[in-house]
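Quick one: the structure is below, and I'll ask about it shortly.
By letter and in written order, the chains are A, B, C and D; residue numbering begins at 1 in each of them.
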Amino acid sequence: MDARTRMVARAAREITPGMVVNLGIGLPTKVVDFLPEDMPVCLHTENGMTGIGPTLPDEEADRNLIDAGGAYVSPIPGSAYFDSTVSFALVRSGRLDLTLLGAFEVAENGDLANWKIPGKFSPGAGGAIELAQKARRVAVMTTHTDRKGNPKLLSRCTLPLTARGRVARIFTDLAVVDVTLEGFVLRELADGVSVKEVSEATGAKLILPDTDIPRF
Amino acid sequence: MDARTRMVARAAREITPGMVVNLGIGLPTKVVDFLPEDMPVCLHTENGMTGIGPTLPDEEADRNLIDAGGAYVSPIPGSAYFDSTVSFALVRSGRLDLTLLGAFEVAENGDLANWKIPGKFSPGAGGAIELAQKARRVAVMTTHTDRKGNPKLLSRCTLPLTARGRVARIFTDLAVVDVTLEGFVLRELADGVSVKEVSEATGAKLILPDTDIPRF
Amino acid sequence: MKLPDKSLSLDAAVARIPDGATVLVGGFGVPGTPFTLLRELMRQGQKDLTLVKNDANEAGMGIDHLLANGQVKKLITTHLGLNANAIAMMNDGRLEVEFCAQGILAERIRAGGAGLSAILTDIGLETELAEGKQIVEMDGKRLLVEPALRADVALIHADRADPFGNLAYAATARNFNPAMAMAADLVIAETERLAPLGGLSPEEVETPGAFVDQVVRLSEISEEYGVVRR
Amino acid sequence: MKLPDKSLSLDAAVARIPDGATVLVGGFGVPGTPFTLLRELMRQGQKDLTLVKNDANEAGMGIDHLLANGQVKKLITTHLGLNANAIAMMNDGRLEVEFCAQGILAERIRAGGAGLSAILTDIGLETELAEGKQIVEMDGKRLLVEPALRADVALIHADRADPFGNLAYAATARNFNPAMAMAADLVIAETERLAPLGGLSPEEVETPGAFVDQVVRLSEISEEYGVVRR
């Protein structure tokens, strides 16, 4: 497995039996492939479905059945379709146990920026603000640094925020990092990555736990 | 036809093709029997149905299908069932063309009191406040006087209000009376009733039109 | 991946309701009232309940059992007209009653289920129902703040369900059930028919199971649903 | 008594839309977008429209035709990410765009359809989306006032309908359609299948016909619904 695949596989283990989970567009949707077949879990997509089944090839696709990212998905036994008001009622009222989201920046105080780069990219936030603000637990999946090597885990976000203080955990290609009252705490290391590498790639203080740091 | 039946038959003529109509509990529901069979009209009941069909005898009743007054009703082709939020969305958003309501008191300024007699009868207003406040047209059906002979059409209501200034027309056993900016205007007289009788039974000034007063 | 199973026995589901709970109860008159859950709640005897229901059923039926049994301290409702016991208890000061316009009660519950804080409305302005309520001005218009009503528990009656808690309703037995089924931390649905997962089509589901915590299959239909001969 | 017939031809229905109208447009991506109504609106050329839609479709599809044709002065939306034309027009100042959080846009429209004046919510507080919005304090908490969004016209895509305007939808082609179908003074629904009265069961109706003004039966399914191969 490459670093990205390991990150996805590790993030999948964040999902525990019984959860209702929304997987953000992009990397997070890949998590589906790593969920145990018999695990009781309910996937939600904000365009109006719970119980998301496998993505279908074009020739088997139902033109009326997509997820929020536009992928042609399928139902499983117990799926339900509903409209946008019900879909976000579920998000805002606390019925979403977990959301996994992408990020431009995450701060050590749990702030998240993932929808706007002023002057460069501002297509609107879609459902991200409500997912980030209201899911019971918010975790982020992102490369540890951007394409130019700049850190995405920062002491403070510089971009317009999606939500304040809501990110609990970050999965990257290098590490699993928790957001605590004291700041970023390193919880796990990717195979072959050193503490020093993670520290240098992080734009804020990285607290090391007293205990052993597991590998993933 | 007795006076009450004539009132009901006259009120039925208030309903014109294409309307969405809510008939209040009691006398107003009797209006159904006087609607032409081929008239295009949609009856609404606030517990969650449009397209109300005939009331059924007990032995043919569906235990899950009642109107807001508890009568066992039936569907017609094109009926729809919906929940209470949708039902009152229809009322409040202006989709209800007409409601016919009962009254304790109606005032010459269009105020309506039909839900509470302090110290005697205060079971709650149910859906009456929204019906009276938001139907595009509000008409009242009531006996002209109460059981003791006291007028129910007054210069001002004495009881707690259901809605202010919303009643447009009143059907009674004696007359059809409109609420205008000048006050009550006599529009029609029941068969065998004199202008004097109506005036005496009315607790406010009754304006007579310049034109002939039709009989019903 | 498969969807979780939330089916539970009647007594175990109702045992999750604590004393002092605020409880939403579905139904408008008879249809949609969760009579079996209510009867079990009477049997278990949880106290100091605040009930939220469109009406108080009729004397000797539904929530009237809980009222008569002294389990209810407050009732939030729209109309008590068919229950003389409830009116008497209210008049005697044995029951605190808060009245709400029917559609506004539905919207307050829905707002609770939708994670909103309140709605702004002109319904009830210039009537007694506005007394004591917060007023907000918007675009020069005075509006009432009607706070969202979210509860500890919702008791729901469904026509059909699956073990994940997907629910469908019959005819005018919908009424307050769909909104209430979204608006509590513990949503318990009794169902006349329990299909296996996949037994309800995704199109016919009216309350998605993600809102529902426990599903109780009725072993018999309460005789209180019988057609009332008046 | 029978229910009124609201079926109308495509051109006559769309001809009821005036210049300057605010128009709600159903759909989330492709599913549920009323492509045929939109194409006719482009053909007829009504101007100065304010559109409300979850997204701007993709370049060369749906509302992008209206944007390219210069018929739209303002767009209220949640996300333009898939339409580079729309982003370019916004960046060049040729299109005014108002962004709204997705679920709040849905709730604002629903509030318009439910005859409410506004909702109070904490969504977007302490973000850019809160800028310039009215704030209300309730129980010591600051909340945003999000005004109801009611429009002149709603363009809806249904899977099935009857002549009274009762509507049912397919799978995730629901999205914004049910809320929008309640929230305009002129609601026009195109439908893939038009059943006779009674052809939809009262249980399967999702939008009651009382909210709908005109029903247009599609003579063919727009090729824009074809599965997008990316």
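One rule holds for everything that comes next: contacts are C-beta pairs under 8 Å (C-beta built on N, C-alpha and C of every residue); 3 or more make two chains touch, one makes a residue touch a chain.
Just so we're on the same page, UniProt names per chain: A, B = 3-oxoacid CoA-transferase subunit B; C, D = Acetate CoA/acetoacetate CoA-transferase alpha subunit.
Note that the coordinates shown come from a computational prediction; the quantities given were computed from them, not determined experimentally.
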(message) I need the common contact partners of chain B and chain C, sorted by label.
(response) D
(request) Any chance you could check whether A-C or A-D wins on number of contacting C-beta pairs? (result) A-D
(message) Quick check for the class: compute each chain's Cα centroid; which one is farthest from the centroid of chain A?
(response) B
(message) Taking the mean of the CA coordinates per chain, how far is chain A from chain B in Å?
(response) 56
(request) Report the inter-chain centroid distance for chain A and chain C in whole angstrom, where each centroid is the mean of the CA atoms. (result) 35
(request) Let me have the rounded angstrom distance from the C-alpha centre of chain A over to the C-alpha centre of chain D, please. (result) 29
(request) Return the distance between the CA-based centres of chain C and chain D, expressed in whole Å. (result) 32
(message) Please output the residue numbers of chain A that touch at least 2 other chains, ranges allowed.
(response) 49, 81-82, 85, 88-89, 91-92, 134
(message) I need the residues of chain D touching at least two other chains; which ones are they?
(response) 107, 114-116, 121-122, 170-171, 202-203
(request) Check the chains against each other and report every pair that touches. (result) A-C, A-D, B-C, B-D, C-D
(request) Please name which positions on chain A make contact with chain C in the complex. (result) 17-18, 20, 32, 35-44, 49-51, 53, 75-82, 85-86, 88-95, 134
(message) Using the touch definition from the top, list the residues of chain D that touch chain C in their complex.
(response) 107, 111, 114-122, 134, 136, 138-139, 141, 143, 145, 147, 170-171, 202-204
(request) Would you pull the chain D residues touching chain B in the complex into a rising list? (result) 1-5, 112-116, 150, 162-164, 166, 182-183, 185, 196-198, 200, 202-203, 205, 208-211
(request) Write out the stretch or stretches of chain A touching chain D in their complex. (result) 45-49, 58, 61-68, 70, 72, 81-85, 87-89, 91-92, 116, 123-127, 129-130, 133-134, 160-164
(message) With touch defined as at the start, can you tell me which chain D residues reach chain A in the complex?
(response) 28-32, 54-55, 77-82, 87, 97, 99, 101-104, 106-107, 110, 121-124, 126-129, 159, 169-179, 225-230
